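Have a look at these structures, which come just after this line.
Two complexes follow with chain A in common, the first pairing it with chain B and the second with chain C.
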Partner chain A sequence: MRLVLERRSETPLALRLGSPLLAVTLTLASAFVIFAAMGQDPLNALHVYFIAPLSDSWGLQEVAVKATPLVLISVGLALCYRSNNWNIGAEGQFLVGAMAGGWLALATHGAPDGPWLLPAMLACGALGGALFALIPALLKTRFGANEILTSLMLVYVAELLLDWLVRGPWRDPQGFNMPVTVTFEPEAVVPLLLEGGRLNIGTPIALLVVALLAVLVGRTLKGFEIRLVGEAPRAARFAGFDEKKLTWTVFAISGALAGLAGILEAAGTVRMLQPGISPGYGFTAIIVAFLGRLNPVGCLVAGVFLAVTFIGAENAQIMLRLPLDVTRVFQGLLLFYVLACDTLLLYRPRLVRGAHA
Partner chain B sequence: MPAPLIQTQQVVKRFGALVANDHVDLTVEAGEVHALLGENGAGKSTLVKMLYGLLQPDAGRILWRGEKVVLDGPRAARRRGIGMVFQHFSLFEAMTVAENVALALDGDEPLPRIAARLAEVSRAYGLPLEPGREVWQLSVGERQRIEIVRCLMQDPQLLILDEPTSVLTPQEAEGLFATLDRIRAEGRAVLYISHKLEEVRRICEAATILRHGKVVARCDPRAESAASLARMMVGSTVLGVTHEAAAPQGPVRLAVASLSLPPAEAHGVALRDVSLSLHGGEVLGIAGVAGNGQDELFAALSGERLAPRAEAVLLDRRPVGREGINARRRLGAAFVPEERLGHAAAPRFPLSENALLSGHAAGGFVAGGLVRRGQLLGFVDEVTRTFDLRKGTRDPEARALSGGNLQKFTVGREILRRPMVLVVAQPTWGVDAGAARRIRQALLDLAAEGSGVLAISQDLDELLEIADRIAVMFHGRLSAPLPVSGLTRETLGLLMGGSGFPADAPEAA
Partner chain C sequence: MTLLEAILLTVITASTPLLIAAIGELVVEKSGVLNLGVEGMMIMGAACGIVAAIATGSGALGVIAAILAGMAMAALFAALTLGLAANQVAAGLALTIFGIGLSGVVGAAHVGAQRAGIGKLEIPVLADIPFLGPLLFNQDPFVYASFALTAGVAWFLTRSKAGLVLRACGESAASAHALGYPVLRIRFLAILFGGACAGLAGAYLSLVLTPFWTSGMTAGRGWIALAIVVFASWLPWRAALGAYLFGGITILQLHAQGAGFRVPPQLMSALPYLITIVVLVLIMRLRRGGTAGPAGLGLPFVPDR
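Presenting the complex of A and B:
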């Protein structure tokens, strides 16, 4: 007896939908074992992790607040990955977006001037993220440099730049030497949607972006181009599409969305710049993009799920004294299971008896 | 009577739902040249891959001299005395002939001894080779000789040849047949895969015919006609197309003027001073052994590679050498590349999106950046109707279609747009006889309506059937076109072998 993987000629729709669900189920099963091994009641721990965050209005708002940057970044990354452009540096583009938009908030600090400020900050953030993302695009199309390496390494450049800015030129003089900027003026803060929570207009912006990109990918010629270049590059050249131009386009879009997420986070949730502004959104969004099948609506669902694990981790830390690292373990396991289950999409496992009867 | 050399009994091989070999019985006697016939996809390659140990049967058994054997890899097959020459060679271009042979031998013979033995074997079988030459300098025919010699050096009892003449000129093929006679005379057996029926009738004394993975007939091809063999392969009578070759009359639709292009990649072929003119109403055939610059010519005509000067390519007298493929499409040109999956069509995209692939620039399928899905589906239906596509659903993925049906689609989606110029590479490569006839007829009908059709093909019979004039490519040069009436295979064969072309200047390398 041996196990053989046979290529499928067509992938059934049920499997396409079922494979991410199977990955989630396997992650939950692994979590069950891990909790038990850590001496917790697994059912209780799972409840604290995955159910409690969704059971009150505060928790739901927090989930939306966490999901917003994840969704914004991941839908952009999905465009990149669809077209075979491996942008791993969304974390850096997120930070540069926060810095670019934050610069405007700091420059007008003390003399904020009218309602144009916040839209201008958001535009600056998107522009900054886009320009930063075009560096790996330039290196790839011009010199053939591997964009996985360059985009990843630029994350550290962005992190250190932010670090230097908030410890040096942009530090709050009244900040007791903490590495933070001043708190943004009210005009430079993203307005809340509801009183008494942290939900702000970033969330409807993210929903709008998801809708726009869903139309782009599914209905437009540009979306067809993005999918075709990733799926069959030679056929894309036969279709007359310019692969290099497309690399610039998708890096710019995903960088802009990551930058937008960055300034929304800085001007909405945090209201200042500081080194720990992102709990790794740019990297977690990679998992979201794959869990969401590189599909904008899928990214929305997956983003919410990953956000629940973030909140669940905070809950678990408080209520069960579980370390935050457990969340990282879950997220890693989840990506692993998603990729493994994708194999089932392309191949059918079959047990065969020995060939020699 | 001694046991046959090799025998398969009720061998079954499945790939998913497809049964590639369905209880196949094959018997090859020592000292015979045995033909394995069938259309593309009939299961010939699957069967011989099992004989060479590359695939394992799911059921049934293989007997070698009457004894059941398990061939769990090519090495095991070679140890028994089975050698195979593949259709696509596995040679390292930067290494010498002797080094390539040494890599393929299982022992640890020193290189000088191998070179000496190689020279001896190649002399004995009439396969001239210089052991010290580097492979990239050699023609396709010479490369095939390396593959054959390195099989023969292992003293095989059974030699499997997969479509060996598809890359040879008629004269080179004659040389191969003489070698096969010698191999047979030594009591070795040859299993000869081909779909060239005249050739099989000449050199084979037994034939097994496969259709849809099953053995449908066994016969002595010398006692059959090509038509009767074709009937057995296809399962029905194959009609020819109707065509009267004529001298070109219409205006020049497509012209190439002294086009030279350096190779796109190392060891690629450079186009040298290529000129041609394609008139409306004619089919111009481009013949030549594979790898003499046909791919490069197609890329230059389609605009996938740009010419150095705009005037090098003229479409309806307009210089388009610096324009991309979509600009040329908008001017009324259409293109069908050789490779169906991955070049002409995206395998995992539905047919509607594959219609969009080549039609988005000039087909009216896009309005304001949005794709008009209804329009595309209607177009797919029209191709289906006109070209009798067989498919399971209305809009299946391209890879779900058989080779012939996908080819009908990639040719059909261009012809339905009534292009002024159609450039098509290998229009019926790997396509069953019925689909091939339909495609050829469609090309002729398009020309009859006044369009110019340029057909690049390795299949001489096809070109002689549909073309009005034929030019030959050799080492990146293109001969002057010859009218088909009165043209013989021998004349073309000599051109394909390079006679009449200017000698190449020494390589700069």
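Presenting the complex of A and C:
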């Protein structure tokens, strides 16, 4: 018996919608087995991980708070991946965005400022992320350097830069030598949606970005260009689309969105700069993008699901003493299953009896 | 022992894991497969290596466990990319994320647990040569293994028939298939070899270099190994040169930090990553944009019957 893949002439819609669901189901089944292997009651652990975060208003708000950066970053990455530009350095672009926006908050700290401050911070964050993302884009288009490696190396550089800033020039002098900046002033904090809640205006911004990108990809010439360059590069060249310019565009957009997510996180949730402001959003967003089938609305749904795993991990660490790394295992498995299920879209697998033909 | 000798010795220890992992990945890429999961396989090797070594009290068993762990991870990657023709870039990223997570779970009980490193293997007579002797002939077995691997792979790829077939799979899978070679099986073996090397490199980190386990201890070395393959233009001996270049930079920045240069330590720590980027750019400039890589690198192959 061996597995043979036959190319499909067309993919049924049900399969296209069903394949991410199948991947999620397989991940949950694997989680069941892993929990049992770790000596946990699997049903209880699954409940703590995947259901409890959704069962009260505080948990739901927390899911939305965690989903916001994931969605913002992943819709940008989806544009990159669709056009065969492998930006895997969103984590670094997120941090640079937080630093660029945070710089403005710190520079105006204690000085009179007005309502212009927060929008300016968000703009700075997006600009910082975009410029940082343009480094691998430039190295790719100008020198042909592999963008996978350069964008990833820049993540380490951004982490070390943030570490240096909060331990050196930007450290809070009254911070008991902790590597943190001062807490941002109220004008420099992203306003809450509901008094006393956790949601801030970052979440509606993310929803707006999803809507905008859904229109861009589905309804505009630019979106067609992005899809064509990824799916049929030769045809795109004949059509006169400039591949290099497109690389710049998608890197700039995805960097800007990652940077925006970074400053929203720094000025909204954390309200200061410190190492570890991101629990790996930039890497998890890669999984979100694939689970969302590189589609903006899909990324929205997938972002919510992965946000649940982040909160589930925190709950499980407190209640079941499970290490946080378990979440990464699930996230990696999820991406495996997503990729495996995507094969079903292109090919019809058949088991064939006998040896090689 | 002079200071120069001491520095050269540490350069060797820093370069060895890079070389082993890079040689493995070089073979994988020559067969036409891009496995970006080196970091994940390496860290699984590091975790399983030290856990097995502590459990059994044997360094050798630890090394074997590490190699097996790397191969198991590689087999997972092969199932996806060969069996299901999945996107290799995405599957490699998944392998890295999965490996970093799983290694944390595997090693959780052993964080910081010390164990004696693996001893040196002194080659009699030759080790007594002044200066060169202790440097070249009084090393741990991994160092000899790394050069044996480099020489073996260089011979295999250029001098053996099997190596020629493997390269054919990387240049044009369709042609190799038409000639009757089992492309997927050859690629599978290459991927397993890459996994074994990455696992071995991981074992070196947790059993010799540090020697203890901390989560995330590979710190991007798997990615640097990938960059070394590009730098080396897919030539084994040039990969050795690349590994020693990066190993040298790592050690140099450590010594510079120790010597109290008035530069932020974070800048020095960022140096290996920055230099990787610079080297990637320079090598592409030298090649004037052309790639020296296998023509079919990263393209999935589905045999039509």
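Simple rule for what comes next: the second predicted complex is superposed on the first by the 350 of 357 C-alpha atoms of A that agree within 3 Å, B and C clash if a C-alpha of one lies under 4 Å from a C-alpha of the other, contacts with A are read in each partner's own complex, and residues count from 1 in each chain.
Definition applied: a contact is a pair of C-beta atoms (placed from the backbone, for glycine too) under 8 Å apart; a residue touches a chain by one contact, two chains touch by 3 or more.
Everything quoted here is computed from the prediction, not taken from an experiment.
Novice: Examine A:Val157 and indicate which partner it touches, taking first as chain B and second as chain C; both and neither are also allowed.
Specialist: It touches chain C, and chain B stays clear.
Novice: Looking at chain A, does chain C or chain B touch more of its residues?
Specialist: Touched residues of chain A are more numerous for C.
Novice: Quick one: is A:Val329 in contact with chain B, with chain C, with both, or with neither? Answer first, second, both or neither.
Specialist: So A:Val329 only meets chain C here.
Novice: Could you tell me if A:Leu139 is touching chain B, chain C, both of them or neither one (first, second, both, neither)?
Specialist: second
Novice: Just to be sure I read the superposition right, which of the two partners does A:Ile286 touch: chain B = first, chain C = second, or both, or neither?
Specialist: After superposition on chain A, A:Ile286 lies in contact with chain C alone.
Novice: Of the two partner chains, chain B (first) and chain C (second), which one does A:Ser57 touch, if any: first, second, both, or neither?
Specialist: neither
Novice: Give one of first, second, both or neither to describe whether A:Ala340 is in contact with chain B, with chain C, with both, or with none.
Specialist: Only chain C; A:Ala340 stays clear of chain B.
Novice: What is the contact status of A:Arg7 with respect to chain B (first) and chain C (second): first, second, both, or neither?
Specialist: So A:Arg7 meets both chain B and chain C here.
Novice: Does any part of chain A touch chain B in one structure and chain C in the other, and if so which residues?
Specialist: 7, 356-357
Novice: Would you pull the chain C residues touching chain A in the complex into a rising list?
Specialist: 36, 40, 76, 80, 83-87, 89-91, 93-105, 108, 182, 215, 220, 223, 226-227, 230, 264, 266-267, 269-270, 273-274, 276-277, 280-281, 284-285, 289, 291, 302, 305
Novice: Would you tell me which residues of chain A are touching chain C in their complex?
Specialist: 3-5, 7, 38, 86, 88, 139, 143-146, 148-150, 152-154, 156-157, 160-161, 163-164, 167-168, 283, 286-287, 290, 323-333, 335-336, 339-340, 342-343, 346-347, 349, 356-357
Novice: Considering only the defined contacts, which chain B positions touch chain A in the complex?
Specialist: Answer in residue numbers: 15-17, 56-61, 70, 302-304, 324-326, 329, 335, 337, 339, 342-349, 353, 356-358, 360-361, 366, 369-371, 396-397, 399-400.
Novice: In their complex, what parts of chain A are in touch with chain B?
Specialist: Touching chain B from chain A are residues 6-10, 219-222, 224, 227-228, 231-232, 234-235, 237-240, 348, 352, 355-357.
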